[in-house]
Amino acid sequence: MTEPVRHTASEILAILASRQLTDGQVVFAGIGTPLLAATLAQRLRAPGLTILFEGGVVGAFVEPGKLPPSTNDQRCTKRANMVLGSADVLLLLQRGYVDVGFMGGAQIDQFGNLNSSYIGDPAAPKTRLPGTGGGNDISSLTNMIVAMKHEKRRFVEKVDFITSPGFLRGGTSRAESGLPSGGMFRVITELAVFGFDGESRRMKVLALNPGVSREEVQDNTGFKLVFDEKIAVTEPPTEHELTTLRMLDPERLFTA
Amino acid sequence: MTEPVRHTASEILAILASRQLTDGQVVFAGIGTPLLAATLAQRLRAPGLTILFEGGVVGAFVEPGKLPPSTNDQRCTKRANMVLGSADVLLLLQRGYVDVGFMGGAQIDQFGNLNSSYIGDPAAPKTRLPGTGGGNDISSLTNMIVAMKHEKRRFVEKVDFITSPGFLRGGTSRAESGLPSGGMFRVITELAVFGFDGESRRMKVLALNPGVSREEVQDNTGFKLVFDEKIAVTEPPTEHELTTLRMLDPERLFTA
Amino acid sequence: MLDAQLEPYSRLRENLAKRDRSLREKVMSLEEAASFVQNGMKVGIGGSTMSRTPMAMIWELVRQRREHLSCSRCITSTDGDILFGSGISDHIITSWFAQGILWGLSKVMRHHIETQGKRYDEWSHMAVGMRFRAGGMGVPFLPIRSMLGSDVMAQRPEAKAIDCPFTGEKLLLVPALNPDVALIHVQRCDAYGNAQIDGLQFMDIDLAMAANSVILTTERIVSNDQIRRAPDQTKIPFFCVDAVVEVPYGSAPHECYGLYEPMMKHMSAYVAQVNSDPIEGMQAYLDKYFHAPKSWNEYLALIGMEELLDASQKGRSIYND
Amino acid sequence: MLDAQLEPYSRLRENLAKRDRSLREKVMSLEEAASFVQNGMKVGIGGSTMSRTPMAMIWELVRQRREHLSCSRCITSTDGDILFGSGISDHIITSWFAQGILWGLSKVMRHHIETQGKRYDEWSHMAVGMRFRAGGMGVPFLPIRSMLGSDVMAQRPEAKAIDCPFTGEKLLLVPALNPDVALIHVQRCDAYGNAQIDGLQFMDIDLAMAANSVILTTERIVSNDQIRRAPDQTKIPFFCVDAVVEVPYGSAPHECYGLYEPMMKHMSAYVAQVNSDPIEGMQAYLDKYFHAPKSWNEYLALIGMEELLDASQKGRSIYND
């Protein structure tokens, strides 16, 4: 194993997330880390990765140093194969053309439900967050990868509001609610990589990031974690991954 | 009154039909006489007439001598303002953008229902006709003008099959069937111009074509006609109308 | 007998999940592409009437003697004659079926329906479009406000009339149509299947999204670079395309917008021949134009240089202004 | 309080029948066009986030001090701040509302929602799109497969969950949204309102078809001849447009595809100012940029030549390949 390279939390997030994508997939990516991670995967090992953006972009190929400020900006269309209406690109998810959805999260719970709408009581919120955007559609209709910061207040037993459905109340509750496809596949944080138990649909630790202990992950999580039987240790970011990432985002727009 | 000019039955059909259109209207025109009549109106007195065709054409301006062989051919798009998908041009009718639909007919009944599907019993038809095309949609969703040949076998008490709804069983039956908008407005034949009674929704003669008697119309009709109180006599085709028409269709594609 | 054996959503998703949707070259011959069309399949046919008909692909399927295809198209013209007359199809879902308005009724269609028991399921034109659109959207139905009250509706129990749960108004729900395979002809696409369509689109985009596989025939294969320079001109994305076949004049004797108009002398001769004898006349036509030629180019040669050049001159004239 | 006071179909048709849909010139000033927007109306806003925002029209409505507008847009950014902060709107229907991802939460939005009782009705992005699409199709609803099971659905009783009458599957029916007026900014259109849109269309086409009237602002008015030479490039037909206003840089400080990118220095300064004080900061911004300038061109001059040229250079670069 080579000497670990110094990196920020955002950088490890982007790099670990990018490793979850495989060549030939169709991925629907949100702005920020997802866009960056998908673009990184495309440059590093998945040249045939098809990236979709909410603004209506199919098969984007974002230029290094010219990251778009949102997934609805013209920069997203650079060297794209197609642009569609916003509703139509989401209908691709509903029809089933998309392998994986990929987004960030403000708050997540043990069943992978995401909240990006309210902190506190939705009727009289402490904070009104921006809301779902395409998040609800993506997480309702395909398999999800979420990349987010690992903080106790973000990893909660029950989210204040289910903006984007994970496995809802666990078990078969997702399918019973009318969402037979998709579901939470992976959660990536700067501490660990998580999957979900096949039966209970509870979040479980699949791999710890280098130098991170089970206790550290549990201490930063607001609910009791399940640990996989064969827990792995994540390969640290390689120099090649880091330099490519930094080439893509030289101004550290999304990796500060 | 000038001396009547010699003309064919198809020519008087096209000319009388064209007179029913007014400038500024949006008209959905079928192939044949309707296309020709709408184009004639556009040239003669309604330069701001917007013609739609089933193939997806909005605001066509067909070239003289280059009539399209169907409303789905590229010739229909010449100098058009827009082309749309076939379903989308029909959705304009459903949304309400279209003032009048205009088509031909194989068989019509006293309530203005049109049959272009079957002659004889639909389960074991004597003749399988081509079918509705957009006809059912147009007549379900807007006010209709129909131009057709006047023959007893075509003007029947009850059509063998309602392909395109007129007033169905008369009275309020059209609205009760889920068609609150539109309905049959005018029927033009080489013998007369017809409207529909406001209450019973039965076909009634509004005007006789030059030299045609009430008896001649009734004799060529398979059901008892209502005659309007103030029955008019149609102005005969003018030389200007005829020369313009013949300029549009020099090969007599639709006016033989 | 309903055509609308609505696939459950789970099956639709499984079918799609299995398809290779990666960015990959898929250029092949007509012969190879035909392997996507198996006997008994539901086949969606692009274009309309005499426009952008995927004639070369139909030609190949006739040559390979497919059977029991259930075909759907927005407006059916001589392609329908050939589907019935060649024996490859016994069921057509469409809104209008004749040879073209200029020639009146199709004696071929009449023969096969009135005496041979083949099926022509008639829907309104908008209904056909909404059925493909529902299929492309991944929903089981779309609501429409036509067909209501007519015998066209009465004949189609596959559609359901409802009272709107919001307004109480009557609506007709038309079921999704997801063909097993769609045949679509375009002006140009790249080797991956990113397609541009000029002029009239008909129902081709919804059809492409709805189908479980898509065979594109194209007048011309262009570079992916060219596609990427104008992504807002792409009408069908590569990941719903399974085969790309370059076939110049691939709609002949029908038209392809901006390139050639219908070859009317050939069409008129065809109509005269098959309507005078819908069995023998059709067989002779198929033997001469479909089975005898060694290649599509040989078929074009039979149509003749004069017709091709004349149709091309007229086709290009749309851009003369 | 539901936003979805679904208009009965008869009313929708009556409204449309009354509109002058003839081919006629409708070029006017921002001041004149604003008369189509009355207090209390439902206003659909074109573009998305920072792209093709009809900023000049919003700017004019703020200057004319409209009130109680109920606005809908696919994704809302600083335009939403201004709608709330200026007092012209107290209700926004959208799927996402902040100033832009780069700047985190909008303190302006938070202030007006958390303490001022203004409403932000949250729908999924696809649901917003399908609501406009249903409106444009003239149907009362469209079915979707998202929002189900989530609290986004629980908060929106305007939508109805049903069991599919064909498959028994759960579906959500989202109600049509037919704004009284739509504000849409395009790259070019003719004097009749035939509009071409380059690049991302967002939900603008459905919105234009759904609305009971449409105000187009455009970077450039071109001849009808130019439109008719490429009818397959027209995205919005003239007959659903009621006003055409030529406003170069009409989306500034947001972007317009192929012409200019967002003016990021201005945007960052704006965000810093209003988030530091969502009341006074916003008022100072509106006074300086919205109320003080005598004309839109004066507003552009305040943004500055440097920003405009830099944004234009970047905007055009999309065509440099």
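By written order: A, B, C and D. Residues from 1 in each chain.
Here, a residue touches a chain if its C-beta (ideal position, glycine included) is under 8 Å from a C-beta of that chain, and two chains touch if they have at least 3 such contacts.
These numbers were taken from a predicted model, which means no experiment stands behind them.
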Reference interface B-C: repeating pair among A-D, A-C or B-D with over half of contacts shared = A-D
In whole angstrom, the CA-centroid distance of subunit A from subunit B equals 58
Subunit B-subunit D separation of Cα centroids, rounded to whole Å = 40
Return the distance between the CA-based centres of subunit A and subunit D, expressed in whole Å.
-> 29
Check: subunit B positions touching at least 2 other chains come out as 57, 77, 79, 83, 91, 94, 180
Which residues belonging to subunit C are in contact with no fewer than two other chains?
-> 9, 138-139, 144-145, 169, 171, 199-201, 228, 232, 321
What are the touching chain pairs in this one?
-> A-C, A-D, B-C, B-D, C-D
Subunit B-facing residues of subunit D, complex | 9-10, 12-13, 16-17, 20-24, 136-139, 192, 194, 209, 224, 227-228, 231-232, 234, 237-240
Residue set of subunit B touching subunit D in the complex reads 23-26, 48, 50, 57-59, 61, 77, 79-83, 91, 94-97, 99, 180-181
Can you name the residues of subunit A that touch subunit D in the complex?
-> 31-32, 54-57, 69-70, 72-79, 83-88, 90-91, 94, 117, 122, 125-137, 140-141, 161-165, 168, 173-174, 177-180, 253
Spell out the part of subunit D that touches subunit C in their complex, as residue ranges.
-> 4, 6, 8-9, 138-145, 160, 162, 164-167, 169, 171, 173, 175, 198-201, 225, 228-229, 232, 321
Report the residues of subunit C in contact with subunit B in the complex, numbered from low to high.
-> 48-51, 74-75, 77, 94-98, 100-102, 105-106, 109-110, 113-114, 120, 122-130, 132-133, 144-152, 155, 161, 169-172, 199-203, 205-206, 255, 257-258, 261-262, 264, 315, 318, 321
